[in-house]
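So that you can tell them apart, the chains are marked A, B and C in the order they are listed, and the count of residues begins at 1 in each.
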């Protein structure tokens, strides 16, 4: 590509539509990863930098369950989701809560430290080799005319919609959900009426990691696992969360779809390599001009 | 916080660093010291903005990488002399810093949001460096030609083929002088009106504004100074390795290295980044050797270790090793009764 | 010296300050009282530039300052303190005050000398090397005052500098405030401690639910039925009890 002689290529509507549709499927994966992140931010008001590393860890878990015991990645959800919850709960209660002294910047740094440890531990134990699961249905799918959709992509789309719905239901209907919302709104007040805030924080973090584990199950059939995969997703997940509005589930979903579509169109028009820049670009613009995102409440 | 004491400690350290290496002839040790000082400079750049100013950048690689790229490209594309190029590398980076700072601070991004936007800028530059082949040579990176004429070693800012002294010590003293200047600058800053105002902004921005401090301007100055220091590390890197590519320049590794040293050594202290760098590269290397002895050498060992130290320091030593040393010193002198 | 006319500020549907008009003549101590949530602190934030007014005019020494940035207003000689004190917790008392003194003084050593001078003025001369984070409430209130003073203000806005202090401490700070006025600094203060309001202020304004409901000499104000009603409706009993306890 020659930078000085820069012309946007022009495409027919079917190519553009095809790109946009594959963007929706890609976006549903981003939304999945972002859901847990937005939940954690909404309640704890912290940005969990280790989110990508945790995703990667969960993906390895799904992979090894398949490799060692032949467990189908989708079935593995029954194991990694509860496992993710417990891991997240303990991580928040035992490490993040203890080490951060309640200061935002320190929390950010602690989660960064955790991500460095997890990523390099993965490199150490599993090496940088890419590993992918082979399932009989991973290349099956159907033709939409403008683009081809494989079943795992469809599963990811369905999964993200379902998980968003379940999370919303959980927050509205259950006592724990209500306690979480109380803590998110008014930390001190919640403490005064007898809610164990540290416990709720840890529960939230646990749910966030459980979401990431579910995302991992849905990702493994289409994405190869390697120690850096978390980092690839984490920046996009941040963008989705910021665009959708920190703490908003619907925002994460819509934000995920939008980012997916933007990315695919960016790739189409700017090329594979430069196309990714649309994400950083959106991220910067949203942070500057609408940090509360599309569905968030403006601060102050 | 006694700045006289800090200055004294700093002077002692500097004298040791100036003379010490002459007593060592082992190339491996000199390399080790070079790396340590390099990270100490990188760390001071981060420390100025985050330690003194409270603005935690997660994308400091953007300043390292831009400094390195400008230094490399001016030589590669236009055949500039490195001694001339370096001024453009540092001032160019400062312009970029001013742009990023202007956008971030004008729109009031603080805390986590500032961390995120700096990360986003680093990533954007990463993508640009990889994609704009005609400007940056893309993913291949920029390889500078090696000067093999000993008489031109100083003029070409390359010591690989220099006389025996420069060949061994040339790059060590280069990074030492950069360290000396940047630490002196930091000391001057911390004892100036600007430094006091910057610390006030870190402690409480509203209160600082109420007391007549132009918080925006103070933060702008800080990010520019930070960029000058960090880009000087980029200039050094390019002259030493004669190579730069997008991953090294703008990847997350440099951003992370830049914050390890000051946090572990002591945020917002002058010697902190140097102490921290020595700790992670000294004690860290030893620990690595031990781990490698027991489990074998595989990539990632040192970073697992650094990550753990980071969390432990955040949890138990909020003022880092400097705070620990200060406490021990006060206890030793029996002054610890507060 | 300060003229506030018809200033309003809404937050969403809430009228925090509505059509506030008041004036502060040079050399006086003026007080602003009213029940909690009356909009006093918001009015301070409006005057000192932390919030932009929706409408109205604020003039300081004849110059319009509405919507101007806080640091510029401070540089004109109008400085505020915060109700919830905001010390630079990791710095010493001397460093805290010196930062403020730096507004006019470039040299570090001179600023520290000035800080020592100011500390004496507010009775903190023995605490210069103490960490601000380790101060008692009374200490922090004094520090807040000292920092404001170090900017060489012409007009000082004091937001509840006596809240949370015991009687002895209140007496001490009343003397300090009077001393400051005697050096020629005009003062506008928000205060709940009525004994301090009565003994210090030359004139009072009463704010309730964002609106000024009364003004006059402090003695007359306390007899104003509007004022009594406003207070009785909003937990006056609690405040009286607090005063008796103090």
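Keep this in mind: a contact is a pair of C-beta atoms (placed from the backbone, for glycine too) under 8 Å apart; a residue touches a chain by one contact, two chains touch by 3 or more.
This is a predicted model, so every value here is computed, not measured.
> Chain touch graph shape: choose line, ring, star, complete or other and state it.
Shape = line; chains linked end to end, path left open.
> By mean C-alpha position, what chain is farthest away from chain A?
C
> Which two chains have the greatest number of C-beta pairs in contact?
A-B
> How many angstrom between the C-alpha centroids of chain C and chain B?
43
> Using mean CA coordinates as chain centres, what's the gap between chain A and chain B in Å?
Computed value for the inter-centroid distance: 32 Å.
> Taking the mean of the C-alpha atoms as each chain's centre, how many Å separate chain A from chain C?
48
> Taking the complex as given, what residues does chain C use to touch chain B?
Against chain B, the touching part of chain C is residues 48, 50, 69-71, 74-75, 79-82, 86-91, 95, 98-100, 102-103, 105-108, 111, 134, 147-148, 150-151.
> Of all residues in chain A, which touch chain B in the complex?
Answer in residue numbers: 1-4, 46-47, 49, 95, 98-101, 104-106, 108-110, 112-114, 116-117, 119-124, 127-128, 227, 231, 235, 238-239, 242, 271, 273-274, 276-277, 280-281, 283-284, 287-289, 291.
> Of all residues in chain B, which touch chain A in the complex?
54, 56, 58, 103-104, 107, 109, 111-113, 115-117, 119-121, 123-124, 127-128, 130-135, 138-139, 252, 256, 259, 263, 298-301, 303-304, 306-308, 310-312, 314-315, 318
> Touching residues of chain B toward chain C in the complex: what are they?
Listed in rising order, the residues are 191-193, 196-197, 199-200, 203-204, 206-215, 338.
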